[in-house]
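Below are structures written as structure tokens.
One chain, subunit A, appears in both complexes that follow, with subunit B as partner in the first and subunit C in the second.
Here is the complex of A and B:
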């Protein structure tokens, strides 16, 4: 009697293992296509979607480019899926590229639907392509037959990323669409002549629409302002080139007669790499400081003209301005903002060679 | 008998973690536009006061059951207080099972039908219920050992994308959240889950002081559940999500970890806590029912019957709007149940003490 009940229990327990797979309508990995890159452009109020799908064959992995147009992005993906022998799964989508023309029309709908979707990761990186997406993808395919994760590696912090490239994720764009005081810059790329990808700079996005652009050098300053590490970036000036070893920021904000005022100090530690002629340390310092200040002021004017707070300066005023007024930060406060940037450089070392310390000795 | 305070405190924390991280953040974010710590602290204060009052009242009866206490006064008293509790608890189990099945399918099991998810969760929680309350508390202990490190890891990592500037403004002059129906709904997490304290004695003994101080450990979880999405996205964006905390965890990017989405771990841990919660609430109902029906009926049949009813109710809720509507209805029941039972127990305890003193 006892043993029969035990047997029954064991049988029940064995049945429990059936549920362990936890899957319903499960598709094995060889029946799935997992695109890494998705490109989206818009033609005559229809979406054109490019999917870059890695495929394994006997001689290594190759990537396959699939294109289709349709009313919605999901419809296109679905159609591609039904025309292929495998199912397209966007779970591992790493990079989403928009064509510049579409970005200028506005990305709100696409970004919202990506956030709504349970397939596309909120961490997927976003870029804007400065040329026709069709040519971009065909060049990308031609040049990168061996490795189809080039685009992903280009943005990955521990791979090919450099501080003059902006990194923007889907959720950050979604945040910038709704936030009162934070806009965002999206990296701007195109296919390069000798390298696969060329960094053009970054697009200024205001409420989901591309309104302008900044250069790659200005992107570096923006990253430094956000205290993203600008580590390892080389700055070339008239008399020398230096390597930025570390950077930090200090901000002081105030409201003067209702006008926002900000004093920022950027501390750079650099080391000298190359010199031309015989500049002194002080000369290099002065030159670097004026160069960066000028560059920053130019970028900031650009930002103010477009009323897009890509530096997130408004964040520092959250304590000073009441919430109902903060909602108009971009239009009412940002254009009137006065900003004083103070670049403080410390030359940490001069490499293996001695450099003249003071100009008077020379 | 052994003091099982540690088990009770752990289960108390676990079931609340299960309740805090899903619907609670969006409720609080919807109640007010700034200074979210005020509604959180106020709600938590309520939670704490009610627990103190409830356990104080219970301690006056020296490890007696809520059922024994009410019946000892009179049958009508028992009906007045326990019938609403029964209805409330039944509703809460069904709606919780339904809501969490929806969450699971939203986040990772998108192809699995809802009834299958509900059936699985109900099977497990029903099984725990049928084993009795001591087994339930031991399970809680095991869960805490296995899942706490994971939860702690995810919570630490969730500060990755935080922008502290979003914490401002820190003060809000308008206390309009008090009249907001969403705030009433958020009471689900504040005092949705401690009624079991009145039923577990004398089977599981606990010390009142330890429970009261132990429940203070919940405050950081309440704050984190709301503030992590707020600081990651800002109020204006966080209010767009159904499950702000889950999306905030989704944004975490850890390059050295081999798993892409740690949301999965977090969700699976908390879902097991929710199973514990539904098992515990179902157990309360089983205890109440056992008093009402003939002794000859076996407990396991009651459990099966109740689970079946819960399942039927769960699959008959068609969409998320109905879930929210039921949550709203439930909130009013909860307000009644959680205000009357602790205070009545306290008053009855005081009366019986007076009587004893008079008799002596």
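Here is the complex of A and C:
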């Protein structure tokens, strides 16, 4: 008797799980198209979407480029999906590329719809293309037919990323749109002549709109400012080039008569890679420090002019400025911000050759 | 008609039955028994030498002959057909003489119907005593007593059943055993004395266990070392005649991955080996489900490179991942079930056909993906990592639960499957001792 009731319960449970689980919507991985790269441009108030879909076949994987225009991005993706033999699943979307023109018009709508979407990962990386998306994708297609993850690997920390490339994820842009004190830089790329992709620098984004750009060298400094380990970057000067081994930052902030003031110290540990002539250690240090200070000041003026806080220095003032005034950080405080950058370099080693010597020792 | 003649008539056509007339101690006697159970020449010689040792002259003193005869065995007090049959089927010899009519139950020299002590057949021992339990109850006692030389080892023997009585033995260490456990088991065995207990299911029923539980109630082992360890832990060991295993009661979760024999290795390797066994259990439970979950429900968890290569290996496979996995799992189960019964000479053929030809062909015919073959091979190998064959059975069953849940709910389903399994294991108890209980030996001979 007891077991019959148990059996009934089990049967009920099985029926419920089968009918309520929605398992009939599960699609096997070989019936899904998993685009890795999505490109978005805007033509006459219509979106043009590029999807780079890796296709598997017996002779390895090839990638397929699908393009379509429509009123909304989801509509375009849906249409592409209905025209393909598999369902387009944006789960594996790794890189989203906006055309520069569209980025200058403002990305707020797209970014918030990506954040809202359950399919697109908030970790997807965002880049801005400095040329026409059509030509960019056709070149990408031509040069990387065997490897579909070129663009993804370009930004991947354990693959092809280098410190002069900014890495920005969708959620960071969303955060910058809604934050008083933090803007963001999005990497700016275009198709290269000999390599597949060329790093142009980074776009300055202010409240979701691209307002200016910084160079690749300045991007390196920005990454160093975020302690995004500046490993492996070569810094060319008149006399030598060095490898930044590690960097750390120290900040001191204050409000002086309502004006924000910041004293920052970058500690760089470098190792000498190349020398031209016979520069001494002190010379290399001095040159590096002046070069970096100049470069930083130039970049910072640029930022202040665009009123876009891509370094996120406003974060350090959040405890010092009342919230109602903080809303005007970009317009009122940032342009008045005085920043003293102190670059301290330690030459950790000179590589395998001990030829660079202090003048005194010589 | 006399009783002896009646029995004679009854076994007229029985080739095994023997009834002979002899002179023993100067008196005519009849001996009765089964040839297959009694070594007759030796028994007879033994009986004669015992009579001779009395060195009496029976022709002068007929009473002394009676005394000597009665000493040969014990008298069956109320001889009837059933009583005599019971004595004979148990393998004893009956001596019958007249004036007065007496039936003697004599313990003969038996025919050896048991293999000698051998290496364990179901589990191999790498470092440790290699003698395994045997079909014979007394041999098993002896092995265990050799292994556990202790005065507090108690043995209770029961003769259960009316139809075909069978000996059951219950062993425990007086000073270690859980009193409650002992009480429950002895009480139930006493109460079910009339039942014929000749297999584990019947014993389980007699001991009052629920029959449909997936968790084994006994930990059966062939190794005296394991049985002795269980006794030291305060558990009870049951032996059944003609059953070459010790049944350790209650079975605990530790039996799945802990063996006493592990302690013959350095402690580091003991823990590593046990860790591997646990990993084997987890792999067995999770892997098939994980494959289905990642391939059909949650492909976003995979790295893109892996996702693409899996998609490539699955291109052209007609079935959904769940059906594909289930199909191959059933084939694998069939191989296991089939190879258990097969003679040793045919077994390898089956392995070749099943493992190589079937596996290769099924991939080449694009019925399943090559990745699945790898996963199921790993699962099957991992299944054998646990201690004891009876412990691998529930794990084999439980993996289907995770598989089904994974096909419905993906990675979350695997997690909920594991939770359900844990809850089920936690709910299992034997006489109030939870299945998930870890016993520490009460003597301090163990550390770690």
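We take it that the second predicted complex is superposed on the first by the 332 of 362 C-alpha atoms of A that agree within 3 Å, B and C clash if a C-alpha of one lies under 4 Å from a C-alpha of the other, contacts with A are read in each partner's own complex, and residues count from 1 in each chain.
Note that contacts are C-beta pairs under 8 Å (C-beta built on N, C-alpha and C of every residue); 3 or more make two chains touch, one makes a residue touch a chain.
Bear in mind that the values here come from a model prediction, so they are computed numbers and not experimental data.
Trainee: So in the superposed three-chain picture, is A:121 touching just subunit B, just subunit C, both, or none of them (first/second/both/neither)?
Mentor: both
Trainee: Where does A:157 make contact in the superposed view: on subunit B (first), on subunit C (second), on both, or on neither?
Mentor: first
Trainee: Is A:322 touching the first partner subunit B, the second partner subunit C, both, or neither of them?
Mentor: In the superposed model, A:322 contacts subunit B only, not subunit C.
Trainee: For A:30, select first, second, both or neither according to whether it touches subunit B, subunit C, the two together, or no partner.
Mentor: second
Trainee: More residues of subunit A are touched by which partner: subunit B or subunit C?
Mentor: B
Trainee: What is the contact status of A:194 with respect to subunit B (first) and subunit C (second): first, second, both, or neither?
Mentor: neither
Trainee: Please report the subunit A residues shared by its interface with subunit B and its interface with subunit C.
Mentor: In the superposed arrangement, which is not itself an observed complex, subunit A uses residues 23, 92, 121 for both subunit B and subunit C.
Trainee: Which stretch or stretches of subunit A touch subunit C in the complex?
Mentor: My answer: residues 3, 17-18, 21, 23, 26-30, 32, 34, 36, 54, 56-57, 61, 89, 91-92, 94, 121, 148-149, 152.
Trainee: Which residues of subunit A touch subunit B once you look at their complex with the stated criterion?
Mentor: So the residues of subunit A in touch with subunit B come to 19, 22-25, 92, 115, 118-119, 121-123, 156-158, 169, 171, 174-175, 177-182, 312, 315-316, 318-319, 322-323.
Trainee: Residues of subunit B touching subunit A in their complex?
Mentor: Per the touch definition, subunit B meets subunit A at residues 33-34, 106-113, 116, 120, 163, 165-166, 168-169, 232-234, 236-237, 240, 247, 250-251, 253, 255, 260-261.
Trainee: Can you check the complex and tell me which residues of subunit C touch subunit A?
Mentor: Subunit C residues touching subunit A: 212, 294-297, 299-300, 304-305, 307-308, 310-312, 314-317, 320-321, 407-410.
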